[in-house]
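Listed below are the structures to be examined.
What follows is a pair of complexes built around chain A, which joins chain B in one and chain C in the other.
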Partner chain A sequence: MDEEELVEYFKAQMRKNPDMASAVAAIRTLLEFLKRDKGETILGLRENLTWATDCLTGVDSSVAVSSGGELFLRFISLTSLEHQDLSRCKKVMEERGELFLEKISMSRTKVAKLCHTFIKDGTKILTHSYSRVVLRVLEKAAAEKKRFSVYVTESQPDSAGRQMAEALRKLNVPVTVVLDAAVGYVLEKVDLVIIGAEGVVESGGIINKIGTYQMAVCSKAHNKPFYVVAESFKFVRLYPLNQQDVPDKFKYKADTLKTVQNLSEEHPMIDYTPPSLITLLFTDLGVLTPSAVSDELIKLYL
Partner chain B sequence: MADGGVTDGPDKNDDVERAKCEGKEMTKEEKQRLRKEKKQQKKSKEKKDDAASQESEKGKKSDGKSSPASQPLPKPTTQKAPSAVPAPAPVPMPASEAPAPADKPAKSKAELKAERRARQEADRASKQGSKKGEVGPQASAGKPKAPPSELQPVVKRLPEHMQVDNPDVLKKLAKKLERQQIPLRLDYGYKVSLFSHLHQYSRKAPLTQQLSIPSTVIHPAIVRLGLQYSQGIVAGSNARSVALLHAFKQVISDYTTPPNEELSRDLVNKLKPYISFLNQCRPLSASMGNAIKYIKKEISNIPSQCKEEEAKRKLLNCIECYINEKIILAAKAIAKYSIEKISDGDVILVYGCSSLVNHILCEAFEKAIKFHVIVVDSRPRLEGREALRRLVQRGISCTYVLISAVSYILPEVSKVFLGAHALLANGYVMSRVGTSQIALVAKAFNVPVLVCCETYKFCDRVQTDSFVSNELDDPDDLIVTRKGKTQLEDWQQVDSLGLLNLVYDVTPPDFVDLVITDLGMIPCTSVPVVLRVKNVDQ
Partner chain C sequence: MPGPDKETDLTERIEAFLSDLKRGGSGTGPLRGSAEMARETTSLLRRITAQARWSSAGDLMEIIRKEGRRMIAAQPSETTVGNMIRRVLKIIREEYARSRGSSEETDQQESLHKLLTSGGLSEENFRQHFTALKANVIEAINELLTELEGTTDNIAMQALEHIHSNEVIMTIGRSRTVEAFLKDAARKRKFHVIVAECAPFCQGHKMATSLSKSGIETTVITDAAIFAVMSRVNKVIIGTQTVLANGGLRAVNGTHTLALAAKHHSTPLIICAPMFKLSPQFPNEEDTFHKFVSPHEVLPFTEGEILSKVNVHCPVFDYVPPELITLFISNIGGHAPSYIYRLMSELYHPEDHEL
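Then we have the complex of A and B:
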């Protein structure tokens, strides 16, 4: 399977199921790649998979794709590969790959189940931009017949917040779209803040759409709880110290990275929120405090 | 003379006396005989003591029946386990109870007075470090410890070096050192009351002056090492650990197993007096403690059928591996991770002289990253000058300031790199005094603080402040002569003046953004996870 086929398959997966996380689509692609791979050695197989992950990050530069790919590779290799026959090894790896995929498909449901209990009747929630996990959580809360209202930020430059508002209106949830600049204004009316994440870093902080850090600082100043909902495949082995420390390859969209020469004139699409501003993280591994994220990462990666 | 002048009792064997005076190590039989004699003396003293304490018990209960002289008696017994001592004291000694009441009225006052006098003598004597009165009060001090420990085996003992103001603990230490034939080092000068529970030694009185020549009890490599520690010639936790391991290699290669002994057991016993000696010269660091634990484990894991030559070779190899893996390769790994965090145009602040941080900066410079270093220094050690020397020699551009200027230069700093002496289990960082100050000011200016520490320095202890356990350096180091005048020359004469020279302090994990270890980059709160993973590995 060469690069074009890979990218085509990935895009097809995204088109088929727009609700799926891009990382899940990437993992499906990698699984397909594994099945079709004609390598002769396990080391060669691993190298090919790494190359494939790099290709996919070239298409969609979000943190989750690279973290998902790395976790996939680790998960399938975390078994005894001492069989004599390469095809038997590959079979084992494929089975584990399917298992991994199954687990992460369930992750959004698990997160929603954990989080919806934190939403009580009469709660006013603030959220940022369009996040499918947050949407799933709010769906579940609405299904439990809870009455709550939502404020969504517009989230420029792509106005993704309006998409979120549309989806919520379909659920009959009262929703208000606010300007990004109005976050401080609206926070006194709000009871809690729920945010998705593109990546969860080793320190327990998160990487998310630009504007999240601002919201976190304001909610800390107002003493409102700041909750993050994220699946476990988004845990990544980065440790940024400040905004500048986040690698450029995550900050901008993939096309921008390829075409633009001077990146300092481009506006970054993501920012980093340090763990001191986050109250709790809801993941399919459970409800974690930011300092527990490092423990989980050590378990996942070491 | 280290061992001369020991008077044990009237029935002391001449051979043992002679052996001690010559400084030779006592043979096993002689040691056993000595132990037996001491036990007998202890028992006789116990009986007397018990009778006296029975007195005090009944005195307390009957209110004023016995003389008020019984009051000072319960004091040393209650120091260890206040609630438990009065109750168990009657219980484990039922035998001595029978004769006691019979003799009680006649002997009580005279006995108590004699006991009190003996105890006062002992206190005075132990404070002057003389060996004469030691055996007597040691025997009586042994007794109050026995009943509490029988009933409370789960009571955690505080280490000796944190209880210097407790005379019982001091007596116990003196007894242990005498048994190992190591001189006791005396505390020097007035101690500030908040730190009176710690040792304070003077550099002008090294322990080695009290050793006899030639001292055959302690290996010369260890004597040299102890001198290097106490005079500050070898300083810095990595340097001290490596020097210790090299000295132990020398000890092991010179070692021969005595007949009828097993190497795995005897060698460990041989190392114990060396460790006490080194502890007396300068308190052991956490990294040295971990290294010693490792060596002891390796020695006791030597199979008994292993030949001596092979065993020695194996041990020397283990030590080499340990130094290589935990110190040298770890430094390389940490440098690799740290270089990712240093970018062009950075202004990095370092404090004091940490061998690891210097290594990282030199490696980063080799990789042609353009950065500027600010070295912060403090009295009285002025270790920053050494760091400055090493960095400037490589060609790194540096600025040198004293710690009082740290809030002035911090707005220009982009990152702070700190070394650590030890990382505690609750995430606190123990490092050179002044480190927590720098971390605090950096936090106030929102400058990221990175601590670099190898995993062999992680220890299981928990500490939240710098008072409980610390090291007090020579107070005379604070005295400075300017323009021919030394103002603090006679500081000992002034009653209300105390000089305090602390060596370590602890930094809370909220001020530290990142810890770089050879396992990777972890937040400060994840230290217990690493300890858990390490224990599983071992």
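Then we have the complex of A and C:
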């Protein structure tokens, strides 16, 4: 499978199912790549997969794709430790890969099941930009006949918040779109803040659309609970201490990285929110406090 | 015939326990401490394991879950009952896994690692029959009972590390654990204790009497004076009814005020709570979180005219968020509030969080 086919397959996956997380599409693509790989050694396989992940991050530079790729690589390493023979190993990998995909496709449902009990009648929720996980949580809460209303930030520069508002209107949830600058103004009216995450870092903090950090700081100042909903495959092995520590390759869109010379003139698309501002994380592994996240990562990677 | 007799005896005992639970909750505060409640629940569960009819671990877990749900429904505010049930369910799972020969460690928790390496969507249904299972489970429950008996002593043994000479300690209301803790320290050190009376039940008075009998210099203050006196206090040591899954507390009313005053003065807040008080609930359950009792203590019925014009409430519990807490002292040592999730994963299985 060469680069073009790989990228085509990835884009086709995203087109076919716009509701799928980009990390899931990346893992599906890598699994397909694995099936078609003609390598003879495990080391060769790993190198090819690393190359494939790099191609994919060249298309979609988000943290989620990178973490999905790393997770898949880890999965390959763990499986290859058990079986020495390559062909048997590949068979086991393919089976387990399908199973893994099946499990993570159920992760959003698990998250929604955990989170919707925190939404009560009459709650006013603030959210940021467009997140499919948050949408699923609010869908579940609406299905449980809870009465709540939502404020969504517009989330420039791509106005993703309007897309979220449209989706919520279809669920008959009263929704108001507010300016990104109006977060501080609106916070006194809301009861809780729920946002998604593109990546969950080792410290328990999150990487998400730009404007999230601001919202977190304001919620802390107003003493409102700040909840994050994320699936477990978004856990990534980064430990940023401040905004500058987040690698440039995640901050800007893939095309921007390729074409622009001076990155300091571009607007970053994501920011980092430290764990001290987060109240709870809802994942398919359960409801976690930010300190529990590093435990999960250690269990996997070490 | 011994069979039906044992069964009726068992059902009688369960019914007696349930009615006890229902009665015990109303009135002027808890009639008995959580430790006794935990012991009684565990003894009852041991009796169910010994006397009820079951052939596989799955059956036993179903029976215990069913009875457990009834017990929790009888008195939702008494969380130790639910906690003990979850502990016993975890014991059954562990003994079952041990009998099957599989290593218990890796099978238990959901984790990213498990997601990647497990071979199948395995649904462990606990259907296999093992003859030694009953004896193993009962032995493990006995170990649990021994642990429960030693909790107060284990906590009190740590007192000398935390309390130093000539310190001023503040506490609120009456906690048997804190009482034992302070008395143990008093054997070797001299210190002062300030007790907030904790209206309207004023359990603080009993605490002060008991402490002063052991030779500790005690002062009783009203709840309103907590902030005023806090600047002279070195440490705040309190007990709690429940420790929640996020590290927060459900404690007697007035504790949040105490915690905020301590935070303002940067005074360490230490909670003496045995492990059986750790509950996998989060503070989002508004309906079951609070308990209100008769407002007679707040505004007596003899007040007359005013009663028709005002609403009087008497809540029993308070929520204290984990940011205000410095340290938890339990029978297995001292922990930070951010570590509670780890203790939770060791005590309970995630599938038992919702009975």
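By definition in this document, the second predicted complex is superposed on the first by the 295 of 302 C-alpha atoms of A that agree within 3 Å, B and C clash if a C-alpha of one lies under 4 Å from a C-alpha of the other, contacts with A are read in each partner's own complex, and residues count from 1 in each chain.
The rule is simple: contacts are C-beta pairs under 8 Å (C-beta built on N, C-alpha and C of every residue); 3 or more make two chains touch, one makes a residue touch a chain.
Because the structure is a prediction, the values reported are computed rather than measured.
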- Message: Going by the contact rule stated at the top, is it chain B or chain C that touches a larger number of residues on chain A?
- Response: C
- With the two complexes superposed on chain A, say which partner A:D245 touches: chain B (first), chain C (second), both, or neither. first
- Task: Applying the touch criterion given at the start, work out whether A:F75 contacts chain B, chain C, both or neither, answering first, second, both or neither.
- Result: second
- Query: Can A:D295 be said to touch chain B (first), chain C (second), both, or neither?
  - Reply: both
- Touch check for A:A182: first (chain B), second (chain C), both, or neither? neither
- Looking at the overlay, what does A:L263 touch: chain B (first), chain C (second), both, or neither? neither
- Does the superposition put A:V287 against chain B (first), chain C (second), both, or neither? second
- Query: Which partner does A:L99 reach: the first (chain B), the second (chain C), both, or neither?
  - Reply: second
- Message: Quick check for you: in the superposed arrangement, does A:A143 touch first (chain B), second (chain C), both or neither?
- Response: neither
- Intersection of chain A interface sets (partners chain B, chain C): 291, 295
- Sites on chain C touched by chain A in the complex: 110-113, 115-121, 245-247, 282, 284-286, 322, 338-342, 350
- Report the residues of chain B in contact with chain A in the complex, numbered from low to high. 341, 415, 448, 450, 513-514, 519-523, 525-526, 529-530, 533
- Which of the residues in chain A end up touching chain B in this complex? 202-204, 237, 239, 241-242, 245, 275, 291, 294-295, 298, 302
- Query: chain C touches which residues of chain A in the complex?
  - Reply: 71, 74-75, 78-79, 96, 99-100, 102-104, 117-118, 120, 232-233, 235, 279-280, 284-292, 295-297, 299-300
